[in-house]
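Both complexes below contain subunit A, partnered by subunit B and then by subunit C.
And then the complex of A and B:
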């Protein structure tokens, strides 16, 4: 039996972000989604439960509009959800998110294993999982591609530059997972109907000991620009010749 | 005590961090320290390349997960109170950095690609990408120390002789605590579908190709340039002319080759995001107004079916 907590985030779908002519970002027509990495994390949690028995609790920290995401997450197989909800939770830095997650998890849901996506689809700072492990004082392995559970221990294949490191973590523990851990299912109509019957435990800001002050301040957010030389050549023999000469000059022909 | 500290898994990463670390340390008016793992010679070479102090962190016995050094590093920071920690963004160090930051209650800028010292505030403004590369976020840490992870390859390596210290002792710190996580083994990664993230030359197939068979044109160019083939999202994930693992862009992989050549690639932001770190970007497109030309260094305006064979012939002459 394995009680699993899986954390997820409700994020802006970046495909809907427009760029104004002045280089600002236009969020006026954006839609939201469960961060892709977290969909794979949820799938991994549900498959572990199918294999070893136990439960899956999906935990989210977010603003009230993330309620849609809670239902989406539950349609993907978890047994229940814990939703730490407050308008202030729309913009937390990774240390704040980890603190709120940590407080909610330790007070509301006993666990053996916490699974987080490697990073979020919007900010992608890849800090929340390891920070949460540290907040809770439990062992951690990040960028895990494969998980096996055996006798109060979890074996994690984690990706490292050039090789795979196979680590053994005593439970309770936290892992952050890479997308190849599991391909997410596409919820059917029945899954969506079942999702609305599952328990959602809501936790307000006043139920927490404290939300710590931010440690990072965003000064600006601008559309990314790529600055290049933009030199054009014709398709005539002469143009091609000059193009190849330009490549040679830049030292990229080997 | 103060200082700028750099931490990397290997020499290359350390040397790169030393160059940005040196310039920040000078602006802070403080010293530069380098932390290496296991490799005493790498630590020593850091002194020749500008570090005022070098430390090597050593395992007590066998090598294991790097996080065994976390408490040691946290204690060092608490004792010596550095201004800033710069850490290479590798898989293991990204995790380690986040956990150190949490222990210290410090702000951490992940995958920072630009650092600018603000003289008035005596703080460092850091830039990083958000929303899959379509946005640049500028942040400052509200903590001491300030922390950043920096992707390998972001800065040039510091050269020997560029710093004040030529020689110096390497401090050795041996692992003090028992690891919570133990390493069972290291496995060589099975050869995945070709990993083009490390390719020096990438030829990208776009929707300008009319049918799958025509990709052989791109392959001919790749052969003569000794490059690898990749594709845009329509060509990989939608048409499946190429494996999905070769998809460059927001929904695929990020590449940073010396040379990228997009053939019949229109240049949507979702794709361009995946190649913004390429050294030289080239495009072949018959539409002179295609957005790809706006983000290219060199472009040929013409039909790829006409241009590519000519280009292959011209390149062959040079070899």
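And then the complex of A and C:
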């Protein structure tokens, strides 16, 4: 039996972000979604439960509008959710998120294994998982693409540059996972309807001992701009010659 | 007034959009080209509970509502309107009629496998000489003790070649006029029920359409769906529900036409700038986007009325009329925006334009919708 906590973030769906003429980002009509890697993390947690038995608790720190995200997460198979909810939790930096997650998890949900996505779909700082492990004082493995659990230990295949490293961690432990860990399911109609009937434990800011001040402050957000020359080349001999010449001119080919 | 979908409806829309992008869009051109009913896709749709959305769970459905079903038909049709339509007719007409009119035994026997997507259903009304003029039908069911014996030919029957369950309308007492038609549930394999070969169509090509012939087809009175003599009313009930589905299908086609037109017009450069910056094209897209919104609101409103238990016949006709005519109009514009590229097989807009035409014809032509609407407002 394996009690798993899976953490997820409710992030802006980048498809809805618009760029204004001044280069600012316009978030006025954005929709939100579960951060991509976190969907894979949820799927991995649910599959581990199917294999080893136990439970999956989905944990989120977010603003009240993330309630939809809680339903979305629950429709993907977890048994229950813990929602640390406060308008101030809309823009936490990774150290703050890790602190809130740590306080919530240690007080509300016993666990053997915590799974986090490798990085969030919005800022992708890749810090929250390791910081959470540090907060809880448990071992941590990042970049994990395969998980096996055996005798109070978890074996984690880590995809690091050029090779796979296999770590064995004593439980309780935390892993951050890559998308390869599991392809997320598409919830069926009943999964979505059933999600509303699952238990959600809400934790307010006043139930936490403290939320530390941020270590990072976002000064501004600007759209990245790629200047394109829009030069077109045909697949005929003349076009290919021009293409090669253009690459040489720009130093791509020598 | 609240224009907000529920969180569940929004999530379901996202999920079916993802499903359609992953499983429907990649095969849409192929099933159109080969006139193939994608069995493997319908198995996946059944697994996700997409084939019985508004049907209560005790009858094999997902226990959601009609608006959610409209959203799902729209999103599937955005990728492949043949598939969207097949879901629509199965759920919107066949399942709904059995749910509304069937007795408990019929619901257990026929509705459960239909709503689970294990069976396919067909609505068998149209005849070679009876389209909009339903009263001109000639198929009869002659009473013989506890049985009826059906004879006649039906045509343009969607799912005709592959249905497991047929809902059939025919005269049990022609002399009784509007009170003389009855509806029956007839399972495939019943002797004398002869499905025909798939017709080759202009569009909607993966939806299987055929004649269905009845030759001394003997069915027990237990197969009557609803009361004897109420067939015509039952057919109209089916149409009311079905038309919301066709409206949703048309909205899906319109959305796809807009998606394709926006994408292409931003890429295509003529006279030094993307054609989207040319006012002639930009205005076509503005009109397309506006009509899409209007069609969607009409459709969702009709579905919402149904969910509220209010009359929705007029609104279903309005939604179907408006959405289908706008789908036809704007898919033509979408092909125009694509120029020569839009006229080539394989361009999505070419398929959309062919698929759009039928939405103005089946489940009541645009003229039939105007008859329903004018009949309502001139009362």
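The rule is simple: the second predicted complex is superposed on the first by the 230 of 254 C-alpha atoms of A that agree within 3 Å, B and C clash if a C-alpha of one lies under 4 Å from a C-alpha of the other, contacts with A are read in each partner's own complex, and residues count from 1 in each chain.
The rule we apply is simple: a contact is a pair of C-beta atoms (placed from the backbone, for glycine too) under 8 Å apart; a residue touches a chain by one contact, two chains touch by 3 or more.
Owing to the predicted nature of the structure, the values given are computational and were not obtained by experimental measurement.
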Partner chain(s) touched by A:124 [first = subunit B, second = subunit C, both, neither]: first
First (subunit B), second (subunit C), both or neither touched by A:71: second
Residue contacts with subunit A in the superposition, subunit B compared against subunit C: B
Partner chain in contact with A:230 - subunit B first, subunit C second, else both or neither: both
Partner chain(s) touched by A:160 [first = subunit B, second = subunit C, both, neither]: first
Which superposed partner A:186 touches (first subunit B, second subunit C, both, neither): second
Partner chain(s) touched by A:196 [first = subunit B, second = subunit C, both, neither]: second
Subunit C-contacting residues of subunit A that also contact subunit B: 230
Contacting residues of subunit C [partner subunit A, same complex]: 7-8, 10-12, 14-15, 18-19, 22, 47-50, 53, 57, 62-64, 68, 72, 269
Subunit A contact footprint on subunit B (complex, rising order): 9, 65, 67, 90-92, 94-95, 98-99, 101-103, 105-111, 125, 128-143, 180-189, 200-201, 225-226, 250, 258-259, 269-270, 272-273, 276, 279-282, 288, 293-303, 306-307, 310-311, 314-315, 318
Subunit B contact footprint on subunit A (complex, rising order): 12, 14-15, 17, 19, 25, 93-95, 98, 121-127, 129-131, 133-135, 139-143, 155, 157-170, 176, 212-224, 226, 228-235, 237, 239-241, 243-244, 246-248, 250-254
Partner subunit C, residues of subunit A touching it in the complex: 33, 67-68, 71-72, 75, 186-190, 192-193, 195-196, 230
